[in-house]
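Some structures to go through are shown next.
Common to both upcoming complexes is subunit A, partnered first by subunit B, then by subunit C.
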Partner chain A sequence: MRTTDISIDRHELGGLAPLLLKLAGASLVAGVAGIALMATVGGRGLDRILQSWLVGFTFFLNLSLGALFFVLLHHLTRAGWSVVVRRLAEGMAALFPLLALLAVPIVLWLPRLYRWAEPGVVVHDPILAGKAGWLDPTFFTIRLGVYLLIWSVLGLYLFSRSVRQDATGDPRLTVTMEKRSAPGMVLFALAVNFCAFDLLMSLDPHWFSTIFGVYLFAGSVVVFFAVLPHLTHWLQHHEELLHTVTVEHFHDMGKMLFAFVVFWAYIAFSQYMLIWYANLPEETEWFLRRQSGQWVWFSLFLAIGHFVIPFILLLPRSSKRKIHRLLLVSAWMVLLHWVDIYWIVMPELSPGRVPLDPLDLFVMLTMAGAYGTAWVLLLRRRSLVPARDPRLAESLAFENA
Partner chain B sequence: MAEAPPATRQPLILGEKSLGQVSRDILSLVEGGATPLWWTAFLISFTVLMIGAAAITYQIATGVGTWGLNKTVGWAFDITNFVFWIGIGHAGTLISAVLYLLRQRWRTSVNRSAEAMTLFAVLCAGLFPVIHLGRPWFAYWMAPYPNTRGSLWINFRSPLVWDFFAISTYLTISFLFWYFGMIPDLATLATRAKSRLRRRLAGFLSFGWSGSTSTWLRYETVYLLLAGLATPLVVSVHTIVSWDFATALIPGWHSTIFPPYFVTGAIFSGFAMVLTLLLIARKTMGLEDYITVRHVDAMCKILIATGGIVGFSYLIEVFTALYSGDPYEQFAVVNRAFGPYAWAYWLVIACNVVAPQLLWFKKLRHNMLVVWIISIFINVGMWFERFVIIVTSLHRDFVPSSWAMYRPTIIEIATLAGTFGLFFTCFLLFARFVPVIAISEVKGVLGPGHRHEEAGS
Partner chain C sequence: MSTTVMDRRVREEGAVWGLLAEFTDAAELIEAARKVRDAGYTRWDSFAPFAVHGLDTAMGIHKTVLPRLVLLGGAAGCLSGILLQWWTNAVDYPFLISGKPLFGWPAAVPIAFELTILFAAFAALFGMLGLNGLPRLHHPLFTSERFRRVTTDRFFIAIEADDPRFDSGETRRFLTQLGAAVVEEVRD
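Then we have the complex of A and B:
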């Protein structure tokens, strides 16, 4: 059994925090400036900005959802290996208040994204008229608020208790977190599913697919396990932080990434296959839009890039234990998750044409800047490892068989 | 049981066993001979099996007309039983493969019997499609091979054919996994055997296992690879079973969430059956130190999780039907909940959604009688779930003039009973002749400080 002496290992951001804040701030400024430039000189209208905004928002929402799922799962299963990386995830899972802020533009200009929010459209569409009770702008806003409230409470609760344990070292906090995580997971699952229905499925308000929420959930865990190894490695690389995380932990992160890449493919295939096979017009329209015009190539790229390539690359044991290889694949998966969200959102708003635009990049920079800033501010004065978690020793000594 | 501090992991096996004691405890029924209780159970199961055999013989001799099917409900009891039994099998593979990959070492006490259960359940399931063929002697026509029957090929586009491939693969891998895990134990059995016949037979079946380090090393590697191969199978089999329904256009069947929902339902029902059987086995065979309250507790938690996902799927189905604006989808949901089969629907909700919620309470999870009763509820609920899905979607189709009701005949009920007879007969034979717990694996999780008391144990 290996032993690591954590007393000699630094596990606070310390001097790295200003650098990180500068980077995040630069990203934020560049992003906002870029959007402003595109809006004025580039002539991009509000509609187009909102479309990119929805993609970017969903991307970071999913990242936090994946993190929250990981923390809940860690407690529910009383996991041992993952203690050393849990704090990084707790930081991301506590950012839902920020995401609520980022959701404001979507709610403000609802009819520009969602057809059903325009009264003029609903009047002439009997199906939408039938759904008007559920797809109602006020009710939609309330629901979105409830989802974000549920996640905020869960994320902040788990973060605060975990941080409190750093100070008190009370092992009962672990037991409490475990107990609260069980009902937490139930609320989490319901909110994720209905949020997916509201935020993304209703972009095509006629279309419905019972698995849609599970699809989005699968993607959220993928993007989280793609970001986590990068974050960990970056912190290790600069300023010698987090040496408590060893190749064994990277191996496990790689396994989780692999598992959820396969799970995503399973869910995506189930949805596609059943709709294709039954061939009902009210269901196929959604895929037809993604198989028409330029979207054909985009869809193929998604299927191959989000499943075939990472599946082959992540299968060998060595690719999860050689850190640089793992980082390469996970960087690819971060990109592909964005492609996945783009593929869900954009064909509804731009049929036949893939509207890739610098604007998409600027929105992502803005969001990344805001998200990164909040994360650093939250963790600046905290230990990056749950230093007095009762299972930390187990996590430190952990080795894959 | 007192709350242990989070830093310590509780022991998996109680009673501070020595290695020899483990072998003796687990092999008591194999080496000690059958008890009167075993004989009673065996005779009852075997009688029920014979009733089923008589029913099957009768219906094959007479024809499928002995069933309660009509031209509206052309699929009912047999396919319900088929899906039910296939589902039961899933816990075995989940425990043996998925929990192995997730480093859940508590699985060692339950994996052997759960895997055996898988095999027997798949055998029971396989009977129904074969009987449904009407002419079961042509069952081999399902296999695609160049034949002399002209251009008569199977319909590769039918999910029923995919089922045939999926299940035969599943049976093969499950058998290999089960048998492979048993090899070291068969060697133990051979070493300890008093009679020459048993020594020769068990020695032969264990491929002359030597127990050397290099043998163990290869054994572990193969076991890991088999676990990796079996994991996608857990998912694939019930996914394809769900496609039998979901690829159709029928409201209530055609739903994209069916694959993960069916897989979870299968694991849910499988764990319920594992608990039903093992709670009896641990009591009657004195295995309380091996299948401990902790094991039962963990399995109950899996029941809450999988039962929760099943309940979630019910909710999403109802919500989406209402949301879709499709009058046929909406009718299917209303007809399920308030139509002539409403009693079955609400029975499903009570058994699968309400009853497992009791398991949130630790006190109830640790009461073996309560857990056993809940496991029975879930078994019943999961059988009726398939019945509701299949029959309520069919009996009132798009043309109201053809609406009909379905009622099973006594022959069909006897066939179902017969499969239970087959299942329990097989399980009892298994418990009598094979170690029901993986001895070598249990010895591995005894923890440091166990006593060595004798050689060759």
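Then we have the complex of A and C:
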């Protein structure tokens, strides 16, 4: 059996915090400056900026959703292995108030993204008239607020109790977190589904797919388990933090990434095959748009890049245990998750043409900067490991059979 | 004289199968396994009532080919699923269903997927059994009364007489040195 003495390991950001804040700040400034430049000199209109904004917002929303799912699942299953990386996830899962702030532009200029939000559109369209009660800008805003409120409460609750345990060491906190995670998971699942319907599916208000929320959820867990090994490794590499995390934990992150890559493909294909089989015009239009013009190649790239390549690369045990190989695949998956969101959003707003633009990059830089800053500020004075979690010893000694 | 007793007598007079060493806890077992490995024995095994972490490395067990067998099984399943559907639907008995192509690949995926899983699972199960030399109805170790406690509270190392380094006296002394509570001879 292997034991690690964590008292000799530093597990606070400490001197790394200013560096991280500088990096995040630079990303934020570069992003905002880039957007401003594209808007003025580049002549991109508000519509185009909002489209990129929706993609970027969904990307970071999914990252936090994946993190929240991981923390909830950890408590629900009384997981042992994952204690050493849980605090990093708790930090991401507590950032929903920031995401609420980032959602403001979307709500503010709703009709520029969602055609059902334009006055008069719903009434004159017989299909949309049947959905008039749901497709209402005020109701949409309230709903989005409720989803973000549910996630904020869950994320901040789990973060604050976990941090409190660092001080008190009270094992009863673990028990309450486990108990509250059960209804929490139900609320999480409902909110994710409805949010996917509202935020992304309603870009084409005629179209419907009951599995769409699960599709987005699968992607959110993929992006989380793609980011987590990078974050952990970066913290280990600089300032020798987190030496409590070993190859065994990376192996498990790799397994989770692999599992959810396959789950994503399963859900994506189920959605596609049922619609292909039934061949009903009101359902096929959504895929038809993604099989027309330049989007054909984009769709193929997504299918191969988001499933075939990572499936083959992550299949052998060694690619999950050789950390540099795992980091390579997970970096690829971070990119492909962005491609996935782009593929959901953009064909609705730019049919036939893939509108890749530097603007997309600048929006991502802006979001990453804001997100990173908030994460560092939240964890700056905290332990990066739940130091007095009753299952920490189990996690430290964890070995894959 | 009943046949069972006669069988046993015959067995007791059989050739020496190997030596069985008994240990009282898992840590002792791991330590002893490491030393047996380092002494260069090749035909030997450890036995414990539960999975002991670190025993694999202590015994120096090298990688199994099983994952490759499972991959081959999965690939064979996928291929046969596709060929089966292509041949039956598009070649042997072409039948147009709701205007779909005779061989529409999306429709073929579920069955190809299921056969991939099925064949991979078969490869895993039967490959595991085959590599372990199972099923077998009897094992010389079952003649040892002492060995029965391996399912409750005792740990064992057995070195087979077939091992090139096996020497009845030398190996017995070696196992006693490792801290075995008891070392006994097992006959076929």
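Operating definition for what follows: the second predicted complex is superposed on the first by the 401 of 401 C-alpha atoms of A that agree within 3 Å, B and C clash if a C-alpha of one lies under 4 Å from a C-alpha of the other, contacts with A are read in each partner's own complex, and residues count from 1 in each chain.
Heads up, the rule we're going with is that contacts are C-beta pairs under 8 Å (C-beta built on N, C-alpha and C of every residue); 3 or more make two chains touch, one makes a residue touch a chain.
Fair warning: this is a prediction, and the values are worked out from it, not measured in the lab.
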Exercise for review: Specify the outcome, clash or fit, for subunit B and subunit C once both structures are aligned onto subunit A.
Suggested key: clash
**Study point:** subunit B versus subunit C, judged by how many residues of subunit A each one touches
**Key:** B
Exercise for review: For A:W332, decide between first (touching subunit B), second (touching subunit C), both and neither.
Suggested key: neither
Check your understanding: When the two structures are overlaid on chain A, which partner does A:E399 contact: first (subunit B), second (subunit C), both, or neither?
Key -> second
Point to revise | Partner chain(s) touched by A:Y277 [first = subunit B, second = subunit C, both, neither] | key: both
Practice item. Kindly classify A:V214 by the partners it touches after superposition: subunit B alone (first), subunit C alone (second), both, or neither? Key: first
Review point. Touching A:F301, do we find subunit B (first), subunit C (second), both, or neither?
Key: neither
Check your understanding: Looking at the overlay, what does A:I267 touch: subunit B (first), subunit C (second), both, or neither?
Key -> first
Exercise for review: Applying the touch criterion given at the start, work out whether A:N193 contacts subunit B, subunit C, both or neither, answering first, second, both or neither.
Suggested key: first
Exercise for review: Would you check which partner chain A:W109 touches, where first means subunit B only, second means subunit C only, and both and neither mean what they say?
Suggested key: neither
Review point. Of all the subunit A residues, which ones make contact with subunit B and with subunit C?
Key: 273, 277, 401
Review point. Hey, which residues of subunit A end up touching subunit C in the complex?
Key: 1, 269, 272-273, 276-277, 279, 315-317, 399, 401
Study note, to complete from the structure: subunit B contacts subunit A in the complex at 3, 5-7, 103, 232, 235, 239, 243, 246-249, 254-260, 304, 308, 312-313, 316-317, 320, 323-326, 360
Check your understanding: Can you list the subunit C residues touching subunit A in their complex?
Key -> 51, 53-54, 67, 71, 98-100, 104, 106-107, 109-110
Exercise for review: Flag every residue of subunit A that touches subunit B in the complex, lowest number first.
Suggested key: 78, 127, 130-131, 134, 171, 174-175, 178, 182, 186, 189-190, 193, 197, 206, 208-214, 262, 266-267, 270-271, 273-275, 277-278, 280, 282, 390-391, 393-394, 401
